[in-house]
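Shared between the two complexes below is chain A, which pairs with chain B and chain C, respectively.
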Partner chain A sequence: MADEARKKEILEKLRNGVIQYDEDACREGANEAVAEGLDANEAIFDGLVSGMEEVGRLFEAQEYFVPEILMCADALYAGLDILKPHCKQMDLGVKGSVVIGTVEGDVHDIGKNLVKMMFDVAGFHVYDLGRDVPLDKFVDEQLKTDSELVCLSAMMTTSMVGMPKVIEKIKAKNPNCMIMIGGAPTSKDLADKWGADGYAEDASNALKEAIKMVAFLKKLRDEKAAKK
Partner chain B sequence: MAMTPRETVLKAFAMEKTERVPVTLFGGGMWSIKDYGTTFEELANNVDKNVEMCIAEAEKIRSDIVYVGSGFNNFHAIALGRKMGVGVKFREIGAPDMTAHVVSSEEDIAKLDMEDIFKDPVVLNVMEATRKVKQKIGDKYLVTMTCWGPFTLAARFVGEEAFMKATFKKPAFVEKMVDFCADLLIKLYEPLVKDGVEALSIADPTASGDLINPKQMSRFAVPPLKKMSDWAKSKGAYTILHICGNTSDRLELFPETGCSTIFFDQKVDIAKAREALSGKMSFGGNVAPVHVLLNKTAAEVEAACREVIEIAGKDNKGFILVPGCDIPPTISFENLKMFHDVALNWKF
Partner chain C sequence: MDADPLKQYLKREGATLVGIGDVTEALTSEIMHLNRGVAIAVNRSLNRKTVEILSMLQGLAVGWLSARGYRTLSIPPDSDRRKDKLITKLYKLFCHKTAATCSGLGWVGKNGLVINRQYGSKLSWATVLTNAPLVADPPIRESECGDCDLCVRHCPSGAVKGHLWSVREPRKKIVAYEKCTALKDKRQSLENKPNCGFCVTVCPYSRRASREAGRK
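Up next, the complex of A and B:
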């Protein structure tokens, strides 16, 4: 078992690897974490996710843009792929399964993929339908998987018009399902008007919301750990 | 005699005084198609119907600019990609899309044949429709054909996510690809401009201020736009540019594109834009297409349009009233009419 100083060093390596979009550093840090017996969940949250939170801050401050974030995400996944098999099943008090996709007529999936990544990290089971998804497929997939959450993304004023149709259909079949929408042309007003339960303001905020969500889950995890 | 819509908007490009506020949509293909009761698939194969629609909708909408081919831009990539297995996907909602991305290296660029652009039936049909619309109503309206900007078109060939990363990992490849796309687009417009089409309408959403940083825009998006605008100028043609997202932190780059006008997204601070561009370049903006045009009443649309004009257009030096992006097909005609009425009835 690594001592505290060594543990800190490995977590820093994972964190900085994500921030500096250095896939090799993340792989190296993850391998070291596994070899030296660090808790994999801790390595993910206090290393990789902590780095992604800083990336979110840099994005907000307009120091980072989308290409940088995509590379940071690659770095995060490089570490996550190694750490995930060593994770203890996370008991977060939520079942956590989500259907996510970009609505029909829209091929923009970068924002959606970033949100998906955060769900992956948080231990959600993610059913990613991809982009340009026929509207009924969201409804079918939600029923098939009994997911608690459906996330709809649209980046075009011309494609977002499919969203209310999906929301209506899902709510008709399963009123308990939560629906979050996001993407540049959408708004909180629209989410309310269309009967969605949640909203992420745009690509940057979708990421921020996802980070918030993970941070919230982290808090739950920490509280749970403190009670033990 | 009153200036025609065409003369009005050309005056704005030249930053000269107009009798009323110039006004136009940007694209508007999807709205028109829904309003006319047709589909992309039908128009792709029916030049006459496309011409009829463009003319009927031009008279109904009353924008100064008429865009032919709005929603068909992906065919410029599909045309060259067909040999490599790229197909077309028509769908119920949204513009037709391409089914695959086929370029990932400089070697792949070498495999693309620019001549293929003129072998695609849909590209040829849209070009023919543009010529006919120009012939029929080109004296009254400024008739243009739409395309993606070189950066966006390049990303269509490569795949947006891979292309974004390549701006860091393979910058030389990205530079080569955007330059190739600028040459391809010049080739595409050459016969049209020769036949009298006066303007190139360029949408560059992937160069959005929300996606790439100012340095990347300067390095990868501006030079190919400049290449296109230089060519257009040499032929006496105009270039209409729209870039999505918040570009307030890079306003000084727009005059460098050499384009005749830039239409701003609703996220741009239009007062700041006016300050940066006044006397340097015509600009348009930026009534929110969803928040205002879709969701508000006609009276609120009127107020929003007046506010934008008061801030950006009162000095009558090249400002054009435009929505912040292309409009959703579900906007009411009442709101669209009000949007145009405010500008058309404006007295300086």
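Up next, the complex of A and C:
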């Protein structure tokens, strides 16, 4: 195991690689982390994700714009691809799978991809349906994969109206499944009105919400099992 | 901000043409802040490494602009786009033709390709978008194809319709690309060489460029 100073150096390289959208630095940092026996989970969360958090802050401060965010995300993936195979069971207390996609009529998938990235990072199994996804496809995929979570994204008010239909259908077939919606036109009020379990205005919020929801679901199941 | 030092720099390094376009009108909200397009063209007939040279030139332009504290977004040549990256999603928000016409380096010909007065359609393009307030070159807003319809008559797939391009009608369909693509697929399966290139070689502007290159 590398000493503390060296460890800090590698984590800093990963973090800065993401912030400065330098894919090569992320790849290099990830390879060093693996070669020197750094814990992969730690490298992901204290290196890559820590960098992405700073990117989120820079975005809010309007220092960064959409192109920078996407380049940072590409850099994060460059490191993540190397670190992922070395990850032990993610120690988040929860683990689940998620179906994600942009609803029918909408081809905007930048936000959806950022949310997907956060799920990838957290060790979720992601079934990405892509964009302009027919409403029934969400229902079918959820049943097929038995995912705990379905995430619906929309950028336009015209396509957003498909969301309540999907929510209704999934809940009718599988009331335990949690549904989260997100995207520019959505709001907490709409999520409540349509019976969605969560609403996330941005990628980092979506992740936090998702972990909370899956944890809650597992708790419910455990309680049921305990009663039997 | 004077654009000549950047232009001269890129030309010294191998660019055939460099232009600065005010591309404000063509931008979507994601890239609204990057309202100057640096259009870089390399003459394809020079050698086979056109794409490599373009990528290298783009890197130099990005370096030059970043060193002066400006933001950039490189839109790589069409034939050099990795599909597996997130940033790729933004490439299709902007096309090289816009940068080329806005910077006055050409118009969209009846063949659907950028035609430059000197080099015809024999150029390959790359764009660097930036927020640097570079002085923009005067744009070309109308087609200069005139009555010429050689590419219409010579297109083996009948894809070239013969419409004149104008900046006022950005949505007008000049070429029936599905017909062109169908022929390309067929050629690919028959002789492993998808592009027929008639619409390039038949164009008087391209032919003049070849003649002049031959004379040298």
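The working rule: the second predicted complex is superposed on the first by the 199 of 228 C-alpha atoms of A that agree within 3 Å, B and C clash if a C-alpha of one lies under 4 Å from a C-alpha of the other, contacts with A are read in each partner's own complex, and residues count from 1 in each chain.
One rule holds in what follows: a residue touches a chain if its C-beta (ideal position, glycine included) is under 8 Å from a C-beta of that chain, and two chains touch if they have at least 3 such contacts.
Fair warning: this is a prediction, and the values are worked out from it, not measured in the lab.
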Simultaneous placement of chain C and chain B on chain A, clash or fit: clash
Touched partner set for A:157, first chain B, second chain C, both or neither: first
Partner chain in contact with A:56 - chain B first, chain C second, else both or neither: neither
First, second, both or neither for A:187, with chain B first and chain C second: first
Touched partner set for A:110, first chain B, second chain C, both or neither: both
First, second, both or neither for A:71, with chain B first and chain C second: both
Partner chain in contact with A:132 - chain B first, chain C second, else both or neither: first
Selected from 94-102, 148-156 or 202-210: the stretch of chain C that, after superposition, runs into chain B: 94-102
Footprint overlap on chain A, comparing chain B with chain C: 65-68, 70-71, 74, 109-110, 113
Residues of chain A touching chain B in the complex: 62, 65-68, 70-71, 74, 103-110, 113, 132, 135, 156-162, 184-187, 189-190, 193, 202-204
Residue ranges of chain B in contact with chain A within the complex: 30, 89, 91-95, 97, 160-161, 164-165, 167-169, 210-213, 216, 244-245, 249, 289-291, 294-295, 325-330
Chain C to chain A touching residues, read off their complex: 30-31, 33-34, 71, 73, 85-87, 89-90
Residue ranges of chain A touching chain C (in the complex, touch as defined): 65-68, 70-71, 73-74, 77, 109-110, 113, 117
